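This is the structure I have questions about; it appears just below.
Note that the chains take the letters A, B, C and D in the order they are written out, and that residue 1 is the start of every chain.
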Amino acid sequence: MLSQSELETLEHCVARLAPRLVADRRDFHRFAETGWTEFRTASLIARRLCELGFEVRVGPEVLEPGARMGLPSPRELEAQWHRASAQGGDPEFLGRMRGGFTGVVGLLHRGPGPVVGLRFDIDALDLVESKAPSHRPAAEGFASVNEGATHACGHDGHAAIGLGVAELLTQLTEVPSGTVKLVFQPAEEGVRGARAMVEAGVVDDVDVMLALHLYSGWPLGHLAPGRGGFFATTKFDVRLQGAPAHAGGHPEGGRNALLAAATAVLNLHAIPRHPAGATRINVGALIAGQGRNVIPPEAQLVVETRGATSALNEYMYASALRVLEAAAAMYQCELTVIPRGSAESAESDTWLAERVWSVAERLGGYEYRQSYASGGSEDFTYMMRRVQERGGSAVNIGLGADLGGWGHHTEVFDFDERALSLGVRLLGALVIELLREPVRHVA
Amino acid sequence: MLSQSELETLEHCVARLAPRLVADRRDFHRFAETGWTEFRTASLIARRLCELGFEVRVGPEVLEPGARMGLPSPRELEAQWHRASAQGGDPEFLGRMRGGFTGVVGLLHRGPGPVVGLRFDIDALDLVESKAPSHRPAAEGFASVNEGATHACGHDGHAAIGLGVAELLTQLTEVPSGTVKLVFQPAEEGVRGARAMVEAGVVDDVDVMLALHLYSGWPLGHLAPGRGGFFATTKFDVRLQGAPAHAGGHPEGGRNALLAAATAVLNLHAIPRHPAGATRINVGALIAGQGRNVIPPEAQLVVETRGATSALNEYMYASALRVLEAAAAMYQCELTVIPRGSAESAESDTWLAERVWSVAERLGGYEYRQSYASGGSEDFTYMMRRVQERGGSAVNIGLGADLGGWGHHTEVFDFDERALSLGVRLLGALVIELLREPVRHVA
Amino acid sequence: MLSQSELETLEHCVARLAPRLVADRRDFHRFAETGWTEFRTASLIARRLCELGFEVRVGPEVLEPGARMGLPSPRELEAQWHRASAQGGDPEFLGRMRGGFTGVVGLLHRGPGPVVGLRFDIDALDLVESKAPSHRPAAEGFASVNEGATHACGHDGHAAIGLGVAELLTQLTEVPSGTVKLVFQPAEEGVRGARAMVEAGVVDDVDVMLALHLYSGWPLGHLAPGRGGFFATTKFDVRLQGAPAHAGGHPEGGRNALLAAATAVLNLHAIPRHPAGATRINVGALIAGQGRNVIPPEAQLVVETRGATSALNEYMYASALRVLEAAAAMYQCELTVIPRGSAESAESDTWLAERVWSVAERLGGYEYRQSYASGGSEDFTYMMRRVQERGGSAVNIGLGADLGGWGHHTEVFDFDERALSLGVRLLGALVIELLREPVRHVA
Amino acid sequence: MLSQSELETLEHCVARLAPRLVADRRDFHRFAETGWTEFRTASLIARRLCELGFEVRVGPEVLEPGARMGLPSPRELEAQWHRASAQGGDPEFLGRMRGGFTGVVGLLHRGPGPVVGLRFDIDALDLVESKAPSHRPAAEGFASVNEGATHACGHDGHAAIGLGVAELLTQLTEVPSGTVKLVFQPAEEGVRGARAMVEAGVVDDVDVMLALHLYSGWPLGHLAPGRGGFFATTKFDVRLQGAPAHAGGHPEGGRNALLAAATAVLNLHAIPRHPAGATRINVGALIAGQGRNVIPPEAQLVVETRGATSALNEYMYASALRVLEAAAAMYQCELTVIPRGSAESAESDTWLAERVWSVAERLGGYEYRQSYASGGSEDFTYMMRRVQERGGSAVNIGLGADLGGWGHHTEVFDFDERALSLGVRLLGALVIELLREPVRHVA
């Protein structure tokens, strides 16, 4: 456990960092960038880590190119890259991130010993931020200047906390021997980014892996030390390609992709429930057809499956594919299924969650909160699974930051910035603890 | 029957008019305007009719405002009005057409006697015209400059023929006593415009009503003198309004408009066949949903029904409404059905079709073509029905103008411009014939 | 044309035959037998033809065994065979009809010359006949004694007419040279029997083929001399075999044949209309499932398609198969499609229909009735097609026999027995005419 | 706790009873009677209870007449009543059970004190029992003589255990003061009978309520002392009444009940999952239509919903009704929904389950088995809920009785009859314990 003097030093450093945390968060918020286009955000993070003495890795080394799911078009990537350049991105790192390489890994080497990893997601959402005076970011001038991109899930805060932890660790003199690995992940929204970092081997050497997520719906300081119950999920787009015909003159002609789609939609929702646990399916959008008097020659479906376990999600996904194949065959349409994102189910290690809480208790200022299954998904699960499969441990921490407003993923999302310091001190203390004892206590 | 000298005069005048027909057609083609936005086209037609000495009527007098179906938004109307202004529309008439009053009626009074009406439709299609060098309008510089509007159904030719007939009649000295009524109709595509003219009473005093349509698929000069078999049709949009919910966290929440829509689509197509004749239904497009992880809160369907008779179309439409209401109720969605267009079934009067052919034969240069039911629809049927109900007669004439290219409603549609003269001379001769004897011969 | 003396002889003979026609009809009516079990009916017909001097053919020679569609189970066939035996069937012929060979062909050889064929269908319907005193067969004691079998479509009358024509021809002294072929066909209901006779070659040598059908809905003597417009049709049963599972404990287990069937039903009805003419589809019955708490492991559908032409029916049938295959695949069910009956579309030869009417006019006592398409089907079309394909001609004649009661296929069907004589004299006269001149008059 | 001498007495008595338990079970098995027709079974139980000195209640006093769900037709009830009479039912009680009053309550009054209730279900299943020599009941001559009724869920054993407990209690001299209430319930299969007993107030005075169920799939003696997790369920039949029409001649006529049913089936299965817990729906059977060429005029669906809680089941049922109403409206069918059975969710009281296990442990011969949610339903839950709502406690006990054969509800179900004694001694000991201390121990 941290000694009293260590605690005092920690608190002192965090207090000094606090204004910077807010400034960083607001800067990221103002220049919000969505998944795979976080060029400005990531390049500035990389620059700062360099300045703090971290070894910085970017590019294919930390992102397996072919595993980046839901990548925007090259044209879109290029446009946003130029915007980042114009908005003050770091020129050197921008050059190394072109084409959608917006992940950053920072390594602090402190001699031999365990590797403690921390993951921070950094992307914004496809959303137009509120300009209402009642919305603090608008009132105080840090609302997104990038139309259609908004930090409405707190990842701006996560990025700021990550930089805060980096700086804190360089200020603490007594960091134990070992390595700290800070993983700044792009494209968490749509669960698109984690897999590419995992497949690049980013967490393969990690002994203990941590992540922290702010929740605007929980009171400030409420802490779920081992938040789990994330649903495994598969996000995919479907294209049914038929053929057009004039609906009046040749109703029997063509191959009706809309009838195929309608049949699919009903039968996708009719996939049986599973006794092993919760499952989900949603056809979130369907766009089909051309003109009123044309047999619809194509249809596009935006779909996701979920399961309380990866096996349940696989059951849903396999069932969905069978339904789609048959619906396509019924109307002689060609079927294309395009993966857009995925996450596994994963559970935090109990011992590690307990350690998180014991550290939090010692620090004070947190209140215990029961973790529960939300029906949501989170691609940090890819990292958890990889670390656990290789013998390490992982935990996902939830931290309350309520401001009394609306929820995540809304245009007026905001959070209590005091949670930034609460996050940095907890993670900082945990790094030290876990470098010292990265495994379960033996009684 | 026309005397030999009348015929010679006619041919002489038409020959002189020919270059102007082509020029007019190409001008209309170049500045293509879609339904209810034919501001430039209609204002120039009105101006020309004035110059030729016709009494010209425009505005609510010839278009019942509330009966204009599928009207674009006020903003769209305004934008296109300004475009027309910039592209050389007639200032005076533009002022009287603002807000979507793009119909024109021209009257040539030649003393007491019968009223012979001719209808010309003038609107373009929502289509981007080909810029390929193999496409003559592109090669010869008269392709549409209005992106997204293309004359791909020959209405540019119809408008030019209408002006040609107007000019021809003013040049013929021996036009019999009576009235010629030239009806330039907007928004035929989507069968949206004729009803508003009929409801304004435009054809109420007409004894014999004619229309002529060019067909690129028929050899030049092929003539179907009483083309009929048009399907009655109803065009309508459907909106299903449900409510969103998070698909992972609250799959049972919300009200799923996409499931309602999919149920509707299948059951709309399952409306039983009818022993009394051909019926059709098409859901030409469906757009539903927001995001992948959101229960789709709304859906929009673009639908049309058809029937070989108006009664059959009504059977289909009534059945469709019942299906839609039930599908909405099943998912607690609000249902809105928005009419977008309609046409009746109608048949040309046999005696009149025979008269058309006898005149054509006398003129020479036409070949008889059997008319057949196409499964298509045409809102001239509104005018035919109204005239027939009031004791008059009506005919719809098809005229071949093939260029060996692609069909109607494609981006590379074009037609043989020699058909313009063929149309003008036939209609001109018919007007004279029918003013003389606007009824069936008594044997 | 028949001479006056021939006409007089004919009328004389028919008048003498009249009581026997009624007696025969009532005997067949009383011992009604359904398709492929007409053992008593057919054996008595064969016996009578023998007695009249006809060459009689029965068994596989006139019914291709494997082409008999919708054959009852061997057990059922055997039971009805024994019933026929007990009800006075002819022992010799019964022996040759065992196992469902209930067709009879009688040949009257009158020297070289053309072959004129007449077809009579002889089966009853699966229906319990009314016992109400207002129902004449019940009141006069000739209602069916075979529970569940009723002559409710007049085939008892057709069989009686067939025997009447046979007897008539043997009484007329001046029958021209040639051959008369009387074809007594089983299992017309469900359009199951004609194909097997055609495939056995029964009509291969026929120059002119006739059939006559009584209609209770038309006034007595109304005559449609070339009734056509029969829809081609395919009757088939469908079996979807899935697998059961406990609906509470293993909703995801099993393979749900009912969901496959429901998907099929909707999409079968959604098969697009066809511009070439009328089409039909009906799923007349669906039986699926076992217990309330068991995933339904199997489903059976009873289906028919129809088309105004054979090509249209084939379009419907092929589309239906595709829908069924895809629906089965969607739920991993095995699909079995069992043919149960079929008929072609066919049209009477115009010259022959005209000849029928000219003979009828000469005979007097008939009124012309326009033939129309009914949406119904009739397997005499198989014989028509075969004869026509081989260069012969065929006609299907409708004859009114109204009694003012209910329609065909109801439990209280009956007809005016005076139509029996009207049928015999017309067919008798036609046979003589057509033996003399079996082809179109050359003007 | 039972004293050692009490235990010895108990074991002694049970040993003497054992042959009778087997004999009773086999007698009930041989004369298997399904729900509401257990006339022989129930009358003999009532007679035996009388002989043992119990106060016996039957008829409307113990079964609220209108709450008996899924009652067979009067004709069926009468037929089975006569069969029971012929098969040796007790004449006196048969007279009081006519019309489906086959529940029996036996009361053993032992002075003031708590009321301990035990419930035994007594009905057989609609199933034809195996006659295979490998099936012990067949081999040993006690297979069901009532074709179509089979004890395939062990209720014959439950009834025998109930009589065994009754006899045991009369033999034990030291039964504590209080009342023992033995409840013999009809029609548990289809969860149809418990509600009528509860609504008649049968368990309103019970302090502790017990039930025991044999499981052939668990090894002999395995004991789940507080088996819970039963799903709430609603069983109902659905009738859709449309109208027929000839499918060829009038496809547009009629009102197609099969299309309504198919639409309902798909959308019933598409009722969304619920985040609060497991839900189920099954359309176990569908029967629709008449003939192949008739628009199906009616359809019947056999449906059940389930939910891990009663609220979840109500969500499913309400959603199902909405789907059915809309599907009926879509095809203008009349909808009738007929309740056939229902059960609540309920949980055993923990303290009571623990007491069951402590008594079992003291008795010896049982092995603890973890209870789990099965997806199944059980209408004892009605009694549990009523007792718990009135301040009492309830428990449902599972007891293994495996014979290595097939499962419940199969035609070859059987169980190890040694479980009968295991059940009697456990319940007997529990009665004594609970009369002494019918509430949670206070530490």
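Here is the rule we use: a contact is a pair of C-beta atoms (placed from the backbone, for glycine too) under 8 Å apart; a residue touches a chain by one contact, two chains touch by 3 or more.
Just so you know, these numbers come straight off a predicted model, no measurement behind them.
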item	value
Interface with more contacting C-beta pairs, comparing C-D to A-D	C-D
Interface numbering overlap (same over half, different under half) for chain A and chain B	same
Centre-to-centre distance between chain D and chain B (centres being mean Cα positions), rounded to whole Å	71
Gap in Å, rounded to a whole number, between the CA centres of chain D and chain A	51
Inter-centroid spacing, chain D versus chain C (mean Cα positions, whole Å)	54
Set of chain B residues in contact with two or more other chains	249-251, 259, 263, 266-267, 269-270, 272-273, 275, 280, 295, 375
Complex contacts: residues of chain D adjacent to chain C	190, 231, 233, 235, 246-251, 258-259, 261-263, 265-266, 269, 280, 282-296, 299, 302-304, 306, 340, 374-377
Residues of chain A that touch chain D when the two form their complex	266-267, 269-270, 272-273, 275, 278-280, 375
Chain A contact footprint on chain C (complex, rising order)	249-252, 256, 259, 263, 266-267, 270, 272-275, 295, 315, 322-323, 325-327, 329-330, 332
